[in-house]
């Protein structure tokens, strides 16, 4: 199902974080949201998830999600991999995964194999305390945890933050595979170039508003990228 | 609107008017009441002093304190021990320490000493405790209350222990209670307007920003806590000269009642402290009278004993849930040709 | 044996300490569970125990059989817990912890006043389980049955709770919610369900405590368990408010210490016990706010 964001407006008290934002993410697509700090990228994800006060419209297929509680948004088929990963350090890897099952819509027994296939490290460290994993492994766990809910839409908030380049490769490869499986992926990132190269299209946000949209072909056009960020 | 210059000074003095007028009005009303009912009014005015003391710290710092009644208790003990006639001392305080046995001071001196003791105690307690905020502060100050209660219960060298403070000259009449309340209000006002008060309030709103401009959160809280201890001690001195006080009358019940008064009135403002006390007292006293049987518009009302506390409790819980900033919304009242509200609605203590 | 004799502790005192520790451990869990999911210290927890005790007293006054009294006790306490949750806890969610503390303080007072109104200050007697107050004689030593029963019941409850938290889905959700509430919701954990669960379990524990306390103290007054709640709160803070195991250990330790010292020390020394306890609370809050028994690396919340 397609995620349709229409005229999204997010305000925190006096701060207007997101202004009249509209875009779509269809199944099998990766859409990037890039831009400088404070541009409203995270706020957009939070608003979709019901974690931030927002007006406008967020639709999954035909269903309006704006105004629902976070747990109900999750149970509608949207999964968020939050900034900073936010895994439960004191629970085991397996328990972290089981938590992800809370949003699952299907009644059938959960099949974790597809997730293990994408992230073998999660299977290998099943019984370990999540806090003992490295940053890159925790990021993989966070994505795995979101995937076990079998969502239609996957939101990721700066997954490459603080990760070594080799792990970033793993993450982006996984995102490709996830896209192939038919999920709609909305990727918020600060690494403009990789995102623009990997996504079907990338929206550049500045001051809460959509500035311009780049395609994969623009990934090597450094001038264009810099101009987009600085304008 | 400029905040400097003599004009502003006069404007700000306006905010003192409403609380003082309310207190004076209450005192006048009390003077018209029968002798037996006057005690309610006097008691209310003493409570105004206590609640104003609470406001000085809680209202300006935004930090909760469950322990202020300790300072009221210490003030009461100080004033009480020093004004019980030496001939009566052995009767109610048989184990009193030597140096206290023969000391006797006048009424006003006892009040001043009560205030001093309250201030010193607050200072000493504040030194470790003012580092804490939020829940930790609440629990720690509650611990102080319990420690004071425990010590005063059994330490008979400094007071009557479990006995009541009888034989204390009942010098707190309507006039003295009113004067005491006005003194507390003026001190609270001066403090709140002063640099210290303003710095403390800055830490309440946003303590990171306040630190950035050089305000020491710890120091300002300690100052506020001490000032409020002085006022609480004074109130304790007034209290002991009003009724026979015992350890239980300066423990959880009084803590709850005075906190309720502050919360209902609005913890963020001086006016709130006064309004809350008068409002809750009025309800409480009226209900106490109704508990003894009274008639309202021809209907006979005989409420069961204890209704008053329940109503106050419900009121406090309701205000906290529905309107945490209290009746006044944490604002002061200004009179300048026309009546105007000043100040933003503050949140309940953080 | 000679060590005990030197310390002026006999087996009965030791057993009393264990029993009180067990009861306080249950109360600590009840308080800690609600704190975990709501970040709220329920000052009125003791009033739940009081309500349960009054239910037992009423049942015994009406001549009800024992099992009916216990059922009434549970019903009353659970109903009151749910009411507290819906009327007070939920509307206050999101406010500062201090506001919540004051609010539960108000509720505690309110409930105590209602009890005073209803039952008067003289209280009522709950006599149903009095037989547990009589001693078993084990090799020449008298130990009151209730002390052993209390320990067994507490261990059973804690075991059940452990299984619930570790082996079930809802238990996992509760643990996660108390570690990171916002993220749990985002993963689909139903906030309200988890909170209701915690409140119900907390209430059930209060009911168990009510039953056991009325055996030792059959006279139920409006301030029944008030003292105990305050002491348990002190123990929980000293042990560690943020995590369940340190909190339980804190509750147990203070119960055990109070029980043993109360029995071992002569009255004129034990009367200052509260002072020592509360000085310890202040020291812990200043020096090691996460609690004495908390060795985890989790983020402090107090």
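Labels A, B and C are assigned to the chains in the order they are written; within every chain, residues are numbered from 1.
In the analysis below, a residue touches a chain if its C-beta (ideal position, glycine included) is under 8 Å from a C-beta of that chain, and two chains touch if they have at least 3 such contacts.
Keep in mind that what you see is a predicted model, and the values were worked out from it rather than measured.
Novice: Would you mind checking which chain's C-alpha centre is most distant from the centre of subunit B?
Specialist: Computed centres place A farthest from subunit B.
Novice: Just to be sure I understand: the centre of a chain is the mean of its C-alpha atoms, right? Then which chain's centre is nearest the mean of all of them?
Specialist: C
Novice: Per the definition at the top, count C-beta pairs in contact and tell me whether A-C or B-C has more.
Specialist: Higher C-beta contact count between the two pairs: B-C.
Novice: Based only on mean CA positions, could you tell me how far subunit A sits from subunit B in angstrom?
Specialist: A distance of 54 Å separates the two centres.
Novice: Per the centroid of Cα atoms for each chain, what is the distance between subunit A and subunit C, given in Å?
Specialist: 43
Novice: Measuring from the mean C-alpha position of subunit B to the mean C-alpha position of subunit C, what distance in angstrom results?
Specialist: A distance of 32 Å separates the two centres.
Novice: Multi-chain contacts in subunit B: which residues touch at least two other chains?
Specialist: none
Novice: Considering the complex alone, what residue numbers of subunit A touch subunit C?
Specialist: The touching residues are 49, 51, 69-71, 74-75, 80, 82, 86, 88-91, 95, 98-100, 102-104, 131, 145, 149.
Novice: Of all residues in subunit B, which touch subunit C in the complex?
Specialist: Within the complex, subunit B touches subunit C at residues 63-64, 66, 128-129, 131-132, 134-140, 143-144, 146-147, 149-151, 153-154, 252, 256, 259-260, 263, 304-307, 309-310, 313-314, 316-317, 320-321, 324, 347-350.
Novice: Within their complex, state which residues of subunit C touch subunit B.
Specialist: Against subunit B, subunit C makes touches at 41, 88, 91-92, 95-99, 101-103, 105-107, 109-110, 113-114, 116-117, 230, 233-234, 237, 271-272, 274-275, 278-279, 281-282, 285-286, 289, 302.
Novice: In the complex formed with subunit A, which residues of subunit C make contact?
Specialist: Those residues of subunit C that touch subunit A are 169, 172-173, 175-176, 179-180, 182-191, 296-298.
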